[in-house]
Each structure stands twice: as C-alpha cells, then as structure tokens.
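One chain, chain A, links the two complexes that follow: it is found with chain B in the first and with chain C in the second.
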Partner chain A sequence: MSSTIANRSSRSLIVISSAFVLLWVIVASFPFLWTLWGSFKVQGDFFSKADWTQALTGTRTLIETGGTFTGKGYEGAWVQEEFWRAAINTFIIVFFTVVISLTFGTLGGYALARSGHNYSFWLLMIALVFRAMPHITLVSGYLLPFFEWNLWGHIPTAIIVLVAINQPFTLWMLHSFFLNIPKDLDESAKVDGCNQFQAFRHVIIPVMWPGVITTGLFSFLLAYNDFSVTSMLLSEENRTMVPAIYGFLGSTQEEGNVMFAVASVVSATAPLFVLVMFFQRQIVSGLTAGAVKG
Partner chain B sequence: MRHKTFLWFILPSLAAMILFIALPLVSVVVQSMHIEHEQVLVVTENCGPFGCTQESSVDTEATAKLRAEQPLGRFAGLATYFDRGHLASAEIAEAWANRESLGDFFAELYNLPFYKALAFTLTYTFVVTPMVIVLGLLIALGVNRLTPALKGPTIFVSLLPMIITPLIGSLILFWMIDAQGVIGKSLQWIFDDPELSLKASPPLTWITLIVYGIWSGAPFAFVVFYAGLQTVNSDSLEAAMIDGATKWQQIRYVVIPHLMPLAVFISLMQLMDNFRVFEPVVGFSAQANAPSLSYIIFADMRSDITRFNSAAATSVLTVIGVTILLAPVLVRTWRDFKGKAV
Partner chain C sequence: MAEIQLRNVGKRWGTFVGVHNFDLTIADKEFLVLLGPSGCGKTTTMRMIAGLEDVSEGEIRIDDTVVNELEPKDRDVAMVFQSYALYPNMNVYENIRFPLKVRGIDPATHHDRVMQAAERVELGEFLHRKPAELSGGQRQRVALARAIVRKPKVFLMDEPLSNLDAKLRVSTRAQIKNLSHDLQATTIYVTHDQIEAMTLADRVVVMKKGVVQQVGSPTEIYDHPANTFVASFIGSPAMNLMDGEVTGGVFRAPHVEIAGINAPDGPLTLGFRAEDATVAQGSGQINAPIYTLELLGDATMISVRVGEALVSVKADKTYRAEIGDMVSLSVPTEICHLFNAEDGARLGS
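So, the complex of A and B:
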C-alpha cells in the first residue's frame, strides 16, 4: 500500500522534473534556433508587422526575393559592410591574447602553487580583488594616458590589456591545477640536479596540458566575448566583431540593415557553438575545478 | 621555492597586472580629482564716443592650447564626487529639507543619475544572484535524473546561454521581445493588449533585464551544482531513505547541506559579475530606464566631449562598491588564513 503511494509520488516527481528540464532546454535553445532561422529571411518577416507566423513561412521573403530563404543579410554584412575585417581582427586579438595569457599564467600559477610563503597567499587575494573590478572602470583609467601616448586604437594595445584583465582568473585556475600535480614530481627532478626552471621545463610542462587547455578555453571566451575593452580602445578599422555588430545597430535607419546585424550575430555565434561541441567536457571540468577547491 | 626564483616566475604576470590593473586604478583616482580647464577669457576694452565698455570673449586658441598641454585639467579635489552627476550632496540636502514624505525623497533621489544607476545595479545584483542559484539547483536536480543518453545533449544546450557573448545574447532576446518580434507579439496576445511593449515602461525594462540575467547566469550555477551532485555520499542518502525520509526530505537534509559550499562559491562569482552588469543595458537599449553603474561610465566616455573626470569619479565609486561587496569574503579568508598560521 505505502509502496504504491511512494511509487506514484516518485513517478509524478519524474514527470515534473522531466517537464521542467524540457522547459529549460526550450528556454535555453529557442532564441538561438529562432535567430538562426530568421537570419535567412528579410526584415519584414523577422519583425513581422502582420503575423508572426510569417517568420516561419517567409511570406515577405518570397515576395521580395523570390525564394523562402535568402542570404542577403549575410551578403550585406560580410561583403558590403566588410564584416570579414572584423572577423580577422577578432582572430588576431583572440589568438595572441590566449597564447600570451597562458604563457604568463602557467609560469605565475606554477610559482604560486609551489611557493609556501605568505606573499603567495596575498597575491592570490589581490588577484581575486582584481578579478572583481568592472572592466569598464579599468578602461576609463586607460583612455586618457593611451590618447596621450598614442597607444590608443592599435591591436597590440587591446591584446596586452586583455591579457592583463585575463591574468587574475588565469592565475587562480592554473594555480589550482598545479596544486593537483604532485609536488614529488619536481622535487625529485631537483634532487637529480635540475634547477627550478629545468624541473618546470622537463617535468611539469609535459603533464600540464589538460589544465592549460581548459584555462585556454576560458581565456578564449573572455577575449572573444569582450565588449568594453574592444569597443573603447580600438579604432574603427581595427574593430573586432562585437563592437562591429554594435556599430551596425547605430546605422539601422535604412530598411534591411537590421538583417546585417542579425546575420553577423549568427556568424559570430557559430564559433562558440563549435567550441562547446568539442570542448564541453573541459568547460564543465574547468567551471567545477574552481568550485571544488573553494 | 626561493624568493628569487619565485619572482622570476611570477614577473610577467605580475607586471601585466600592475601595469594594466593597478596603475589604471591609480589613474582613475587621479583623473577623478581633476577637472577640465575653464575657457580662457580675454577682456578687451572698446572705447567709442560714449565711453569705454569692457567685453570679455573666449580665446578659443589659448583654450585649446592649454587643454592640449594639460589634458588632465586642473586640480579640483573631490568636487566631481559631490556634483550633481555623482553623490549630489547639495541636491540631497535640499531634497531632504523639502521632503513631503519619505517616498517623495526617494523619488527625488531616483532622479539623480548616479543613484538611479546604483538602484538598478543593486536590484539587479541582489535579485539575479539568488534566482540563479535556485534555478541552477532545480535544473541540476532535474538533469541528474535523466537517462545518461540524454545528459550530454542537455548539458550542451544548457551551456549556450552562458558562453554566448553577452552583447549578442541580449541582442537576440531584444529582437525577440520587440513589439513586432515573436515574444513581444505573444505577450501582446496573452495579455490581450496590442499596445504592450516591454521597452516602454521602467518596471518592465527592469524585469526584462533581470530575466536576461537569470537566463545567462543559471547555466553556471547548474554546472557547478551538477558536478556537486555527483559527489553526494550515497550512503547518507540510503540511510535517510531507511529512516523514512521522503524525496523532498532527502534533498532538504542531505543534498542541500552537501551543496552549501558550492552555493557560497556561486554567489561570490555571481555577485562580482552581476555588479558590473553592462552589455545587457547596451543590448536592450535600456539606458533610459535602467542604466547601470558600468553603463554611465561608458556613456561618459562615449559622449561627444569625453568627460574623463566624471567617468573616473563614477569608476572610483564603483570600485568602492565592489570592495564593500567583497569585504565579507576577504575578511573570512583572512581569518581562515590567520587560523591556519596559528
């Protein structure tokens, strides 16, 4: 008797929790699917004055272009507005930011993990405070000096700034990865006559890659997703994708230009999708690495 | 590790942080205490048949030269902090003296740009953070019950709102809630009000931004909680079950206490990230109804005449705000550290 009640209640619990997860999956994915679908339509369908089902059927698109799908938004963004320049700039900035961040971060994180001195604790605390600084407040500190010293607008400036903003997080993450690598490993190398740097070079570097890849993913996301630094510190021709999309919005008075922004939004999202698809496990483990420590 | 070796290892990272995080903070403080040079006035005397008149005019050339030579401007002390755009001490004193009721006073306060931004930023931070934790926990509990084959794809989809560029994520939703977008249209149909627009009224804008914040923050909490659920001790769950605990009681008395440290971690991260809310305000074009502290700094730097001192003063106040938010955590860590040392 009691077991049937328990069974029934647990069955209803399963139904409720599955329904909830299903609802969440829809909430999380629908905006992306909708925008991807809509990016192949004309503005009259994407924002339908008459009936929202037009966005599905593509009524206006058929009238205006002769087909139910159109690549006009993409053509306008990539060819006419030269979005490819922004894509190249993004690639350069993200690539160098990730490489330099990881180089600095592995050295620093390793030192913090192996030093038992008080000051390494303080450095980690200071890094935590730096991590909390709103990026835009730092940008307001850069702007005037960079104007004065003619550093403003160049790609290398944005790279080094992004590297620095990235450091606190990178240090914390790699520090906790290096704590997981047994100390005996480099100790025994030192017994064999290596100095600290040689121990790092020959013993630690070969085993650190999983941690470095995970940290690199997050550095990538930070540099790729940044808006405050790239929109304020880069000149127009050096703009990356995110400020370029923001730029499209400023010039949306003309009919159809909104679709350029929609198309470029979809284009800029695609690499992120690929990234999650291939590195889902690393992202999940990276997010939890900090938590399990804390 | 010896001090010298440590220094060499940490040097590049430390140099980057000092040059581009610590010094900019100093630069912000210095800038906030300066103000742009006033225009240079020249007084000329015109003498005509009816006597002499003195006329003062702006010497644009000299002004431009002075401003170019000293871009920082002249020292102004804390003047910028107390002006109308920031702490507005004079305006507040006046509003307090002339208040008719407390509500009236707060309405006056809300009209001042800094306090308006502060009100939104704090509301956003303290509504989004707990909601993210609750929603993340619910999703984690739900996903944990799924069959293994479904878990992978569900986690993939769940990560999307988090990894998406904040500006892009908010734009996508902004287009959907447009009065002619799919969500906007649906809401008009549900509430049977063809004039309904989420952009028009301040409360609805606030709600929209908060919903976006929860949408984009929940995946982080979900992933952390989900990982935590994998390490729940099955013995204690079983013991609770034998003692006759219902599913709900098992969650309440076994699972949640186990996840508590993770909740602390998530709230720390979320407080930091939500306090600097910025891109959603830009993406949703919500600056009129819901400016955040970060946004007003951005607006000062974006305006036709860059107001460095104003942006800097808001920045300093924001940094103070962040420090106050973090203070409990820092104090606790310091105590732990001292405890360990003793």
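So, the complex of A and C:
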C-alpha cells in the first residue's frame, strides 16, 4: 500500500518536473525559433502592424515573392551588403584572441598556481579588478592614443584590446583548474626525467585539456559577442558581425534592411549551436572538474 | 651502486625549521627508514634528496657527487608518492613506460622493460586500463613498477602503504621488502608506522620536530631507545613509562616499588616493555587495581594506573580477572630502562 503511494507520488513528480522542463525549453528557445522562422519572411509579415499571425502564415511574403518562404533577407545581407566580410573579420579576431589569451593564460595560470610567492595572490587580485571593469572604460581610455598613433580601425588593434579584456578571466579560470591538479603529478614527472616545461607539456596539459577547452570557449564567446570594443575601434570595412548587424538595424528607413539584420542574426547564432554541441562533453567535464574528487 | 651522504643538511622556511642538522651516510644497497610522527621532517628530508625541495644548508652527495643544485631528473632517483601520482590520461603500460620515454632510452628496449616491471608486481593483465579503473592496491603497484622500470640508483618511497587497507598493507609490505632485496638498490622509505619501520629497515632513523632522535638497526632502537620519545614511539604497545623518585637505589611511584635501580637519588622516568613483565605469583614490584583488561587472542593485556600513566603488561592468554581486582606485576630490574626525568635522555648504556 505504502509502496503504491510512493510510486504515485514519484510518478506525479516526474510528470510535473517534465512539464516544467518542457515549459522552460519552450520559453528559452522561443526567441530563437521565432527569429529563425521570421528570417524567411518579408518585413511586412515579420513586423506586421496589422496582424501578427502574418508572421506565421506569410501572407505578404506570398504576395511579394510568390512563395511563403523567401531567402531574400539572407541574399541581401550576405551578397548585397557583403556580410561575409564581417564574418571573415569575426573569424580572424576571434581566432587570434582565443589563441593569444589561451597561450598566456595556460602559461601564466600554471606559473601562478605553482608559485609559492605572495605576489601571485596580488597579481590575481589586480587581474580581478581589471576583469570587473566595464569593457567600455578600456576603450574610452585607448581611443585617443589609437587615433594619435594611427592605430584606430585595424583588426590587430581590436585583437589586442580584446585580449587585454579577456586575459584576467582566462588567467583566473585556468589558475583554478591548475590548482585542482595535484602538485604530485608535476613532481612525479620531474623525478621520472622531465624538466619543468616537459612536465607541463606531457603531463599537466593532457590532464588540463577539458579546462583549456572550457576556458577557450568562454573567451571565444566573449570575443564573438563583443559589441563595445569592436563597434568603437574598427573601421567600416574591418567590422565584425555584431556591429554589422547593428548597422543593418540602424537604417530602418530603408525597407528590407531590418530583414537583413534578422537573417544575419540567425547566421551569427548558428555556428554557436554547432560549437557548443560539438564540445559539450568537454565543457561539462571542464565545468565540473574538481567538484568531485576523482 | 649508490652511497648517499647527508652532511649537516637543514631546511628552513623563514624562521621555521623543518629539518635541523641531518648528518648521515646511507650505505650502498641499504634499506633506510625515516620514521616519525607527522611534521617531523622525514618527508622533507626525502624530498631534499629527490631534489623537489631546496636544501637550506649542508650538502647532499650521491656517490660523491654534490647534488644540491641538480634537477631531480639528473639525480637518477625514482620515487613512489603517497598519492601514487599516476598520470590519469595514460594507461598502465604508458605510465610505466613514461620514465623510459622522457629520458630518451632506446625505444626498442621499452616493451621488454615495461613487461618485466609489470610482471614483477603482477600487473600483467591490467596494462590497458587507465589508473581511474584500478583499485588502490593496483595503483600502488603501478607506481612501484614505474619506479623500478628504469633501475635507478636510489629508490625513494613516501608512505607508499598509507592509503591501503590493513590486509593489503601487510602483503604489499612483504612485496616491497622482497623487491628491494632483489633489486639491490639503495632505498629510503618514509613512514609514520613503526611496524613498517621494524619489518622493512636495515636501519631506522627516528625523527621529531626536524631533529634526529636516534639512528640504529630496528633491534637497537627497540632494545635501547635513546630517549623517552623513541621508547614511546616504537613497539606495540609502546614502552610503559612511569615518573617517580629514586631514594637509595629504590624507585618509588604510586603503587610501585622497584629496588636495585642504579641511578642517583632524585626524580627518574622508568620504562619497561609490556611483554617483558609478568604477572607475579606472590607480591611483585607493582601492586595496583586493574584499570582495564583486553583480550588480544594470543595474550591478555592488563593495564593499571601508575600516577597519570597507564601501564600495560602482557599476561598469558588464559589469564582472567575483573576490572578493579588487585594484581601484582613482576618488573625485575633487568628489564627496566632508565631515563632522565627532565629531558628524557637514556641513562647509562
């Protein structure tokens, strides 16, 4: 008798929690799905003042293009407005930001984690202060010298500033990953015949891999999603995707441009999904590493 | 072939003294055990020999070469860590092979040497497992195999058995003893377990707070402890120690009167081992009520209180009595160890 009550209550618990998760998934994914759907419509449907259901049915799209779905937004953004330039710029900036900040981050984080000196604590504290500052404070400080030295507008300039913003975070994150790796491993490697760098290269980094991937992904996202730095520091032709999307939105007088923005938003989001799905195992193990002693 | 010389070696961190004035020559092929409670500097001493800790003062020589400034990899030592420190991303085979690989030893010989080392510690069937898939005892054997694969001059073992359960500890202890006998390498073994020290060592170094208390064979240390610290650290149970007064060659403490003591009048600490004393038929040197009675199987342990100290005596296994019953214990002069009541140093020989 008591077992059936327990069964019933656990079954209802499963139903309630499943319903809650389902609701949450719908709420969380709705904006993306809505944008994805709408990106294949014309502006008259997706931003219809008369009847919002037109965004679903595509009435105006049918009238204007002869089908209920259209690739006009994508064509306009990628071909007419040359959004691919922004995509390439984003790729270059993100790639170098991640590589540079991970290189310094792993070496620096390892050194700080293994250093017994007091100053390593203060270095980390200073890093934390810089991490806490709003990004825009760095940009406003840099802007004048960049103009004076004729550095403004170039891609390497943006990379340097993004690395500067990113570095404290990667340093902190990798530092705490390294702290979770027992010192015995380094020492064992040294007794077995490694010098300090070989121990780092052959023993520590393979163990650290999930941590490096996770940190790399976070710095990727920071650089990829950045608006304040890239919009202020880059010239028109060196723009990345996020400021480019903002540019499409800024000229709403001209019909169709807002649909370019919608299409490019979808284009910019898609790679993120692929990336997170591809690395999800490493990310999860990286985020939970050290939570449980193995 | 390796003789290790420690010449007045010391380790300081700021004003804290970790190891003070350690001076010892460890003979080739000797099995030396560093024994002491935690924080006594035994592991620090070993780490200085390995090169993982800088030497603050003094000199360490391996085969007449001063190694103070050498990197660990250049000292030709192998070490078994307390945590085993296996490389989690490599399987057992790769773990054992690692020292050969990073030292650039001819790859053609790797397989034979790894297999030999693995066979030596009975790991043959686990070679393709990752450390996470092994039990504690198996991990410990991987660590041993990794240490012996290269045939180094010196083996260093840092409490290798402390993470094993009691039964496995006994069998692994036997394995280590057998291994070190076969390999004929100089071995330094750190432990806080006096039984490990007694069973494994050619010589034992007892340490306390960074200072060496006594160096000697297990028998010497057991039979002639240099001071009350060594006496109370070695043996199971530890040596009984009683504080009392000597007047005219008679030692007196509550419930205790032992005649024929060769010590000047005044306070004295007197010690004897539980297995040396017996239950007296008539009146003995200690007459006191029984505090507790423990059945050990092969013997019965009787404890009585003498002042603040608890004094234990091993009686026959058939001995039975109630707590509170009066008991007479025979403690002849020959089994007594005399210690200075103030600094605990041994009196006489």
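Definition applied: the second predicted complex is superposed on the first by the 246 of 294 C-alpha atoms of A that agree within 3 Å, B and C clash if a C-alpha of one lies under 4 Å from a C-alpha of the other, contacts with A are read in each partner's own complex, and residues count from 1 in each chain.
Everything that follows uses one rule, which is that contacts are C-beta pairs under 8 Å (C-beta built on N, C-alpha and C of every residue); 3 or more make two chains touch, one makes a residue touch a chain.
Bear in mind the structure is a predicted one, so any value in this text is a computation, not a measurement.
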| item | value |
| --- | --- |
| First, second, both or neither for A:160, with chain B first and chain C second | first |
| First (chain B), second (chain C), both or neither touched by A:203 | second |
| Partner chain in contact with A:188 - chain B first, chain C second, else both or neither | second |
| Which superposed partner A:147 touches (first chain B, second chain C, both, neither) | first |
| Contacts of A:132 with chain B and chain C, given as first, second, both or neither | first |
| Partner chain(s) touched by A:115 [first = chain B, second = chain C, both, neither] | first |
| More chain A residues in contact - chain B or chain C | B |
| Contacts on chain A seen with chain B and repeated with chain C across the two complexes | 195, 294 |
| Interface residues, chain B side, partner chain A - complex | 1-3, 5-6, 8-10, 12-14, 16-17, 19-28, 31, 71-72, 138-139, 141-143, 145-146, 152, 154-161, 163-169, 171-173, 175-176, 178, 180-182, 185-186, 215, 219-220, 223-224, 226-228, 246-247, 261-262, 264-266, 268, 272, 275-276, 278-279, 282, 293-294, 297-298, 300-301, 306, 308, 311-312, 314-316, 318-319, 322-323, 325-326, 329-330, 333-334, 337 |
| Of all residues in chain C, those that touch chain A in their complex | 50-52, 71-73, 77-79, 81-83, 85, 87-89, 98-99, 102-103, 132, 146, 156 |
| Residues of chain A that touch chain C when the two form their complex | 182, 184-185, 187-195, 198, 202-203, 206-207, 209, 294 |
| Residue numbers on chain A that touch chain B, as the complex places them | 9-10, 13-14, 17-18, 20-21, 24-25, 27-29, 31-32, 34-35, 38, 46-49, 52, 55, 103-105, 107-108, 110-112, 114-117, 120-121, 123, 125, 127-145, 147-148, 160-161, 163-165, 167-168, 170-171, 195-197, 200, 221, 224-225, 227-228, 232, 242, 245-246, 249, 258, 261-262, 265, 268-269, 272-273, 275-277, 280, 283-284, 287-288, 290-292, 294 |
